[in-house]
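In the two assemblies presented below, subunit A is common to both, partnered first by subunit B and then by subunit C.
After this line comes the complex of A and B, so read on.
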């Protein structure tokens, strides 16, 4: 069974979805929250990298990867609240601040991360859920990291809260019409500040997954643009937390396609297969671009839709 | 316009500083005399000095160079292969008084280093890739080491240490130097286990940690029980393989600490041989050769001390093969086929430095993968 090339590729894609998707998921959820409140934070790539660095450093210094996750989140809170504060100032453009925060986060991470490239920090333990299958490849693919489950839970909670709670309503109102929110007596700036800060926290936690779980080390080339892709995934997922998770899973699975096809002997055209995630994204975007739903889902206050 | 002004001012400041230094020191010959007793070497890296890879291999050697009396080293890391490297060289020459510049990344060569060499004829430039030709400035040159010889030794040890005979290779791009390392690796393995195969996955980039981890996982899932690689920083590959419980061989620098259970050995550069040679020649006031190269026989490559993954058989076989290489015995002794069935290298045996070996465009029989 486990020698059929198709099965091998499928197992690799399931494994890839589980292994690679988590950082995309966290950054996309964080961005989803921020954008729902009517602001765009393009700086999450910087948050991801700084979160990864700080998580690794903390895990190394304290010996606890769990404290590392918190430190990664704290890095996100710092950058997110800075973004939120700066955008409260008059005539400040959130996209420009986001790009500045991206460079700032990456720069800080590289500067303070130097001494942590060499040492080895303890990694997050994984939960082996595939032992029952008896197939080593499948057992390996089902090594599930707790953060993956936390990410899915967070998406469900977010989706529920947006639809069913007062806070959800306040965030959505702020995102759709600042004037309506003000009429409700809500401080628009404050809501957006909080949404950006919590969004930053989530992205920072996503970064800690990169350095503490998979690939599980700190170096300066760690992220290779995953934070930026995740921001794009939010638009692709039409601002729905559940669809953010699905988009992240799809992206992870497509990313595993290139290496696993080579491993079963399909060795031609791997540059094309390596581009599979992006090609897939484009195809789905084109397929869904005709629907009016895409525009209806976009928060009305976003500077890209205004 | 503003940027231009900035650059000009920087140039102006540097030139002023340099001429001020020139005035204080007196004539140019005095400066040369100073260089004979007190040599400043400028080393430029494209990435982090401690990347467990290419840059670290250079940085370790530079560290040893600092211990040479009369040698002062200035270093700059994370210098992109752009105009930035020209500015770094300018500042090392004009502000630090460097008499020897060692730009260690491939893309620094042309036009940046060539232009600097033309405008600073009294400074020596040596670049770490086989690019110099006699049309280039005479104060420039190339140095490089044949790491394929150490990968061959990796292969000998791997062939003995692997139980399944299925070896895995995570490679960046299918270019000549990478293909040569893959081929030499399998050739070495087949001297011990004639049935050994080597499965290759190309990631397409020099540094892409997530895809390198995915490739390592895919190779282990395909049944490989020993993984090696040719990417810029092998840290992720070695760590992922170790966590999957398979053995590993390293690349570029020592990755032994990353894999306490499965590390066998690794192909390492020994740049210190070249660097010390340069420092000694300059110290004596003698000219540097334009081209310096070598392998095991010239002590320019080495293998990482054996790790826990190396069986006794692997150690003995690799030790014997190292002895042969040091004696200059050729690796490519018979004609081989590529993995499409074509005969390549028909005029075997080849000397280990034969030009035919420099331009490999194929993977040999037994390698599972495609070179194009």
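After this line comes the complex of A and C, so read on.
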């Protein structure tokens, strides 16, 4: 059975979904947190790229991919807190700042990343979870990176915290009605600053996965817009962390379509299949604009819904 | 009942508090918004603040709540002098306020809204425990509101109850209510005010309510304070006062234009016909749901309804601001499309609500705004596109004089005018020509008595000249005063139509509530 091309493609897509979805998942969770507080950070593409570069450089210099992940997160904290600070200034638009931060993050990463394009940094180890299947392809597909599991845990923690903690309710309040938050004595700017910073941390960790696990090297074409697609993904997931994970898996599977087909010898239209995530983004945006349901769940303070 | 008092449980004790305001004065630059106002509100009183817009009611309550620091004057709670530096101080004293706008968070449930509003909300919320506490709290409350639904799914009356519950939950025993019934049906208003009155009579609460509905004052208030231009001009116990006496105190010596007489018409042909109109709201849900209505020449049809039942969408659809999903509009039996060409051809004019937002370009000049209907026609325009500022300003100057618009010059941006003057400027633009159909929405919202009387008289004049008038208003008194026929809109449908002589407030109120 393991030679049936359809099965091979399916298994390859499952494995691909798990690998490719991880950065989507982290960026989407970060964006979800930021948007829940009522602000959009479009700069997460820059955070992803800078996080990937810094994680790779740190792992190469120290020999520890785990320190690399922390460095990627730190890059995200830096860019996120800068975004949060700039948006606290009067009459500053979060979308414009986000686009500037995207260029800034990418520019920094390309500038400092030049020397790290050639060297080989240590990669994150994977946990073999598929040994019991006895099918080599499946075992290969189920080589799961710990960050994937961390991402799922983070989504569960976020979903729980939004419903069951004081901070979760304060973030949702701030995102839905700044006036109500101020009436409660909450500093709206401070909550959004923290949410953007922590969101940046998550996106930076997502970037470290790109360079340290899959594809597992640093180059300038590494992200190819995944940080921007994550914004669409959050809308598709209707601002729910759990749905963010599922949407990330869907995007991951779409991204794995091209390589999976290639593995069974279908090379016709390889680039077209590689464009699947982008086509999916367009289709999702069209579908979610047609159904008004997505925007009913949107935090009331977001500048896209105002 | 145990004899030994335990730690006080919230809202169990009868702990209404008394408040004394002495010589309260607040100046903004050279303008005195509040001029040595003194009020004594004993514990358990239902006290009403009356006054026109700008009379100083909200300045007074903002001083009490600590939003403003008064220049002079003192506050005492239960006879003890207190300093209220900010809203948090007011809250600590047990003084809370229900604002005109809802302060609940729409996407949170009622329970989440209540718990997070507490200053000592726990970091990790044990919902089982909190739900049990909330249930025990709700058992003691006269108000019943579902707490497990998101606030956005609640009706306006339920939201208003939840706002009040929130203050009671926070252990506030002195409530300031700012026009709490403006978004409610008469029945909902009576229910909520009746329950609150019960709580004041049991000594659990003291209430100050800002209102200008004399009916509510007479039915529920114990005492009244009337403010005019920042000063305390009268008041006393409600049982010693009449609505006329209160109105005279509120208005003072301002001359009010006489109510225009209603001309009788022998036969009236149908002027405006709405045939099965459907339109959706911004979220794609049906807002106008099959509205059919005929309005004759020389007739005012008033559409009553609680805000948010499709009246705004109907006016927008007629004004061309919202697409019609289905249905036709006829004027004098000819099909009408809400586009500029047809507005001119059929002489259709409109006064939308919030005119600064809906009928003007705020930063353009008064003259330009007044020329919106005529800027592309002679004498202002040649060839339909070459504009001459001279005739435009001359025309504006005429209208400004005729309609008594107070502006520094025709070239001032219209947003610098006061609300009443923006409304007059739009009125001048829309009513100066020959009007066949007039569509009016909440024309007097937020205006003083003199402007209200002037604008209502203008609308009546147009009717007497033979225009068909569609009046949408959330003010039932306005509808009863002006209309020849009353229609009620509920959930996007016209649920009731009757000549004004054959109906009354109660019947209309029941239909507004969807009964």
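Here is the rule we use: the second predicted complex is superposed on the first by the 278 of 306 C-alpha atoms of A that agree within 3 Å, B and C clash if a C-alpha of one lies under 4 Å from a C-alpha of the other, contacts with A are read in each partner's own complex, and residues count from 1 in each chain.
Throughout what follows, contacts are C-beta pairs under 8 Å (C-beta built on N, C-alpha and C of every residue); 3 or more make two chains touch, one makes a residue touch a chain.
Predicted, not measured: the structure shown is a model, and the values here were computed from it.
**Student:** Using the superposition on subunit A, decide if subunit B and subunit C clash or fit.
**Tutor:** After superposition on subunit A, subunit B vs subunit C: fit, no clash.
**Student:** State whether A:22 touches subunit B only (first), subunit C only (second), both chains, or neither.
**Tutor:** It touches nothing on subunit B or subunit C.
**Student:** What is the contact status of A:219 with respect to subunit B (first) and subunit C (second): first, second, both, or neither?
**Tutor:** Touch partner of A:219: subunit B, not subunit C.
**Student:** By residue count, which of the two partners contacts subunit A more extensively, subunit B or subunit C?
**Tutor:** Of subunit B and subunit C, the partner in contact with more residues of subunit A is B.
**Student:** Could you say whether A:118 touches subunit B, subunit C, both of them, or neither, answering first, second, both or neither?
**Tutor:** First partner only, subunit B.
**Student:** On the A-aligned overlay, A:180 touches which partner chain: subunit B = first, subunit C = second, or both, or neither?
**Tutor:** In the superposition, A:180 contacts subunit C only.
**Student:** Which holds for A:165: it touches subunit B only (first), subunit C only (second), both, or neither?
**Tutor:** In the superposition, A:165 touches subunit C alone.
**Student:** For A:145, decide between first (touching subunit B), second (touching subunit C), both and neither.
**Tutor:** neither
**Student:** Would you check which partner chain A:255 touches, where first means subunit B only, second means subunit C only, and both and neither mean what they say?
**Tutor:** first
**Student:** Just to be sure I read the superposition right, which of the two partners does A:34 touch: subunit B = first, subunit C = second, or both, or neither?
**Tutor:** Neither: A:34 stays clear of subunit B and subunit C.
**Student:** Under the stated touch criterion, which partner chain does A:274 make contact with: subunit B (first), subunit C (second), both, or neither?
**Tutor:** First partner only.
**Student:** Just how close are subunit B and subunit C at their nearest CA atoms in the overlay, in Å?
**Tutor:** 28
**Student:** Taking the touch rule as given, give the residues of subunit A at its contact with subunit C in the complex, in rising order.
**Tutor:** Against subunit C, the touching part of subunit A is residues 164-167, 169-170, 172-173, 176-177, 179-180, 183-185, 292, 295-297, 299-300.
**Student:** Show me the residue ranges of subunit C that touch subunit A in the complex, using the header's touch definition.
**Tutor:** Counting only subunit C, the residues touching subunit A are 87-88, 101, 103-108, 112, 115-117, 119, 121-125, 127, 283-285.
**Student:** Contact residues on subunit A for subunit B in the complex?
**Tutor:** 8, 11-12, 15-16, 19-20, 110, 114, 117-118, 120, 123, 136-137, 140, 210, 214-217, 219-222, 224, 226, 255-256, 258-260, 262-265, 267-268, 270-271, 274
**Student:** Okay, in this complex, where on subunit B does subunit A touch?
**Tutor:** Within the complex, subunit B touches subunit A at residues 47-48, 50-52, 78, 199-204, 207-215, 217-222, 232-233, 235-236, 239-240, 243-244, 257-258, 368-370, 372.
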